[in-house]
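Please read the structure below before turning to the comments.
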Amino acid sequence: MKITVINPNTSQSMTDHINRELAKIKREDTELEVTCPDRGPITIESAYDEAYAVPPTLELVQEANRKGQDAVILACFSDPGINAAKEISDIPVVGIEESTLHVASMLGNKFTILTTLKERVAAKENEVEECGLTSKLASVRPLEMTVAETDEEPERAQERIFEVAKKAIEEDGAEVFALGCAGMAGYAEPVEEKLGTVVLDPSSVALKITESIVDANLNQSKVGLFATPPEKEFKGYDL
Amino acid sequence: MKITVINPNTSQSMTDHINRELAKIKREDTELEVTCPDRGPITIESAYDEAYAVPPTLELVQEANRKGQDAVILACFSDPGINAAKEISDIPVVGIEESTLHVASMLGNKFTILTTLKERVAAKENEVEECGLTSKLASVRPLEMTVAETDEEPERAQERIFEVAKKAIEEDGAEVFALGCAGMAGYAEPVEEKLGTVVLDPSSVALKITESIVDANLNQSKVGLFATPPEKEFKGYDL
Amino acid sequence: MKITVINPNTSQSMTDHINRELAKIKREDTELEVTCPDRGPITIESAYDEAYAVPPTLELVQEANRKGQDAVILACFSDPGINAAKEISDIPVVGIEESTLHVASMLGNKFTILTTLKERVAAKENEVEECGLTSKLASVRPLEMTVAETDEEPERAQERIFEVAKKAIEEDGAEVFALGCAGMAGYAEPVEEKLGTVVLDPSSVALKITESIVDANLNQSKVGLFATPPEKEFKGYDL
Amino acid sequence: MKITVINPNTSQSMTDHINRELAKIKREDTELEVTCPDRGPITIESAYDEAYAVPPTLELVQEANRKGQDAVILACFSDPGINAAKEISDIPVVGIEESTLHVASMLGNKFTILTTLKERVAAKENEVEECGLTSKLASVRPLEMTVAETDEEPERAQERIFEVAKKAIEEDGAEVFALGCAGMAGYAEPVEEKLGTVVLDPSSVALKITESIVDANLNQSKVGLFATPPEKEFKGYDL
Amino acid sequence: MKITVINPNTSQSMTDHINRELAKIKREDTELEVTCPDRGPITIESAYDEAYAVPPTLELVQEANRKGQDAVILACFSDPGINAAKEISDIPVVGIEESTLHVASMLGNKFTILTTLKERVAAKENEVEECGLTSKLASVRPLEMTVAETDEEPERAQERIFEVAKKAIEEDGAEVFALGCAGMAGYAEPVEEKLGTVVLDPSSVALKITESIVDANLNQSKVGLFATPPEKEFKGYDL
Amino acid sequence: MKITVINPNTSQSMTDHINRELAKIKREDTELEVTCPDRGPITIESAYDEAYAVPPTLELVQEANRKGQDAVILACFSDPGINAAKEISDIPVVGIEESTLHVASMLGNKFTILTTLKERVAAKENEVEECGLTSKLASVRPLEMTVAETDEEPERAQERIFEVAKKAIEEDGAEVFALGCAGMAGYAEPVEEKLGTVVLDPSSVALKITESIVDANLNQSKVGLFATPPEKEFKGYDL
């Protein structure tokens, strides 16, 4: 099967990183195309960043449809533009946040999302609500490190993930963890071992779920929220 | 006070219509600037349309800030890009849906939103949830008329609004109505009279609430969800 | 427009205080009448106090209707008797708590109510639920000072408001604050400045929202919860 | 044990009726005192009626405390003044609605409340929410008969109760019924038999639960919502 | 009336203990039969333990029906098998958890359940949700003592109950307590006295509520969740 | 990978049927073992049936662990004993209901479960609540056909599934369907085609999700709800 993975920001290095990580775990019969837009924000840390990331991301979704791919993965934890992508796509579109949170909900009673800064907590909580999973949320906990800092100080980052997760087990009833930001990629395995409970790497979970969805010949419904939008004039665009 | 009203779609005729209607009800000391983007969809009927409407809308929000306006109103019932707009704005940003639904919640026990087509119901329900007002929602009811049809057949449109609203009173416990689409503008008063209960025209309600907010010197909080986004590179944009 | 503001307790000094504060911020074309009952509790700190405050308050609502006023504001943060007042009134009735909480819900993701004592927390939480806004509530936090103490020690009161609000930002995700008790009136501005986020003075917010509602010619619905009560015998009363 | 039953309206005939019905089912060792206020509304059908019924009801609660009774039952389905009554009482206060709904929640998956008119539905739904039992509510269904009509046409009333309850089983998933109004007293047994499922007479259920509570030596908590109110001046009252 | 109390585990000493405690508080006209299965786990501390405790418990429920008892109480705080028991029983079945939590909901604004170990907290929270009472739950707090430890060190157990409950009042808004485990039986009274608020012993509360239910001639509904199961083949059983 | 599929009832023909269906869609590298207990009910249609199906099902889960299988699927739509199975298993346990409902939640805004009889609706609703997905539930709709009838009249069954699903789209906002009973197996594809929206066959979905989970090396968390039960005496059992 042919799966397009779209990193909605414009960082080629992050796109390459996702490519390398997913290549390691993909099924043999899965052909991955990992890509990112050529315009828009270099990272996504606000609704404002998302607003500019979404249109070029949607164009990549359309391209994947045209090229006959079997599915699309949106590889940014906030699943930016996921509803619009499902509207315009004839092939399944899977968000790494939604798929990770639904899997987390089966692996434990409640999950905790680890995010970067305190300011992002509210946005994550709202995303969980949009997934319909608020009753499975133990907490959203910030590392209080920026993406840049997690990049520069990998050991401290891993230590912080462990500490914060440990506190979430003790104080919030967390049983499963979702690493809610690209800067934490690669820490799932070592932290899981040290912590003694499940730590999910969203891109990896999403790839596996997407392989399942393609395999089972499933697709998003078109009779309601994800109905194909009516054709219309878009001034200044050639869509 | 100086208020910028942004119609997020690119229809100049709808923008003119909003301008005329709000001019009738604005306070004497309110100076209105009603505008719309020069690129993007001509109407907004899907998440996909919203995706393309939001970036140029945000640019108009920034322009209103630069020009020293006192507040911004987003004049499309789905409040597209409202969170991003609040993030980047130093002056209050008010959505016509959020303000209408909060006012509706005070004027009756439960409200009903009237929308165009059945396919839009789920999106409206999710917007109510994002406003935190699901417990005040009686129902979302479609007229089963497209925007074009409501334009072409104003008498049938008004009759449909009345019929559907009446059913919502009888079957859903609706007490207050929000006309959830531009095509219904102008029907609030006649339907309210015939129906015997409150029918809200969202743009009008939003203007009055915004005048209050400016008058009371209020503004959105910047310590959480609406914190100013960090500066960063936007490839292909000169923001 | 002519607005009657009813302080539901029998404290003339608090009534005078409200009068002075609102006079400063009212629109020029607003004529205020601030009044209080001549029987009932001197302050309202329990459901029991409310029970005795409500009947004379309702009589003042009826008087405002008879006198041709344009709207009524109930100026006690627990909105005592609000539903009964809306039932018997042909002009809009606005509670300072409901209007403040709905505005707070637009200005930030979640709000915190500051109250006097720990014993009042549960009542405030239940009032938020009645407004349908539980999903927007960060927390109710007590100052652990009585009304008398906030009066006698204004500096300590202001300091406590700041400290408790700061903790609510850090621990509860609060973005907006409502000063949930008359004893805190006057502290909104200085605390807002020091805290760096929105602090709402309920009476002021309610006045501005009420001016909007009158201006927009809105009123509570009479087809459901606020339907005019059937006439009947009231033993021992001449209503 | 000595139990005071307060009918919060001023109808002596309804008070006598309650007395007769409860006398039939009380425990042998239960001494009943069924009483009603000498001022206030003759029936309770609105928040306005409740407002005037509550203060004299609270005085009867205080009298029951002074006389050394073991418990108080508030015998009106909307439990008017229940929180205030619990605040001022050293003996348990039980509302017929709260006790009936909690018992209903154990006897079936969901319950339906039958009320008189469509206008009362919203109030009943809010009362269920205040009891914390919304997730157990199948529906509130009106008979569309006034209290007067149920009195004058007992056969039609019983038939309506049966019809409406049957519809609630079929359409709402109702399993248990609460007769939510005094006018329906006496119909529980015949309707239960015809319907083939549980129909609760609130006064009877409340008496049995109150006997249990006294027997188990239980009482309302005084550390939070029902804390004894602080002493204070009540102008125009000698409380 | 004749009430069968089933201790679903196979500990004869715990069964005897329940018997002694309930004998002290039963009505004179109540005839108690306290029993336990002869196969299954000696204590119930997991869903796995429950799985093996339920079938023999159901057989005792059937026996109580055959013997003409008036009601059955399931005397383990997690109410194991309660829905199945209600399905197969023609006489009322009451769980000690459900009845205690519904009574707790009337005696205070919110309740806290005290349990043994942190690992049990999630299960208790889910049980509260199944009772439909999540909005009345202040918290579930573990003593961090095993059942064995509470048995061996009664003084420390009582002290822990007091400490943990005190913290729940201060931090969680708890007003009423349910002792959620057999090992805490006997501590309700002394802790209640020291704590100054209501502490419920579940078996005692359940007995009193069951006496009420029998007295009021109530029973579970058979039209929905608790409908009598269809007859069918059970391989390897002679049911 | 080696996956054990347990049909919790004792019907060998249904077990064979599941085996045939899953064999068609399994990955090439998946080795299936489809089995059922040798004692317990022949079908599962009540909590009572579940009670007897669970212990032998758990023994098969233990056997799968001992044999070195990679995962276990519980193949009955009510996921009987799922929590106990997760407690005692070192390999992942997946329920066909939980996995289907989580996938359904990604493929559309709301899903509808089709069940056999009206009496089963409440149980299905409660299972959705236990999965934490109530906000994604459009409705549970009964076919009003018994399992036997769906077997004997396959054409009428397929027609009923189509009719009921169509109604759920029109009246409940359903976008995705879960065939909530073994008797409907095999109808997903033809109904999906006729209906024009997603219809999920639970066993198939569960197999694909389980293959993903094994592939991603995931497992249930052992730090909370699914912690390994403490060892203890089980009278009359040799576990």
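Chains: A, B, C, D, E and F, in written order; residue numbering restarts at 1 for each.
One rule holds in what follows: a residue touches a chain if its C-beta (ideal position, glycine included) is under 8 Å from a C-beta of that chain, and two chains touch if they have at least 3 such contacts.
Keep in mind the model is a prediction, meaning the values are calculated, not measured.
In this structure, the chain pairs E-F and B-F differ in their number of contacting C-beta pairs, and the larger number is found at E-F.
Here chain A and chain B face each other with the same set of residues for the most part; over half of the interface numbers are shared between them.
If each chain is reduced to the centroid of its CA atoms, chain D and chain E end up 27 Å from each other.
One finds 52 Å separating the Cα centroids of chain B and chain E. Among the residues of chain B, those in touch with two or more other chains are 109-110, 121-122, 126, 173, 175, 223-225. The chain pairs satisfying the stated touch condition come to A-B, A-C, A-E, A-F, B-C, B-D, B-F, C-D, C-E, D-E, D-F, E-F. Considering their complex, residues 25, 27, 92, 94, 98-99, 102-103, 105-110, 131-136, 169, 173, 175-176, 196-198, 200, 204-205, 208-209, 211-213, 215-216, 218-226 of chain D touch chain E.
By the touch rule above, chain D contacts chain C in their complex via residues 10, 37-43, 45-52, 54-55, 58, 81, 83-84, 87-88, 119, 121-123, 126, 129-130, 223-225, 227, 229-230, 232-237, 239. Listed in rising order, the residues of chain B touching chain F in the complex are 121-122, 125-126.
Across the complex, chain C meets chain A through its residues 109-110, 135, 173, 175.
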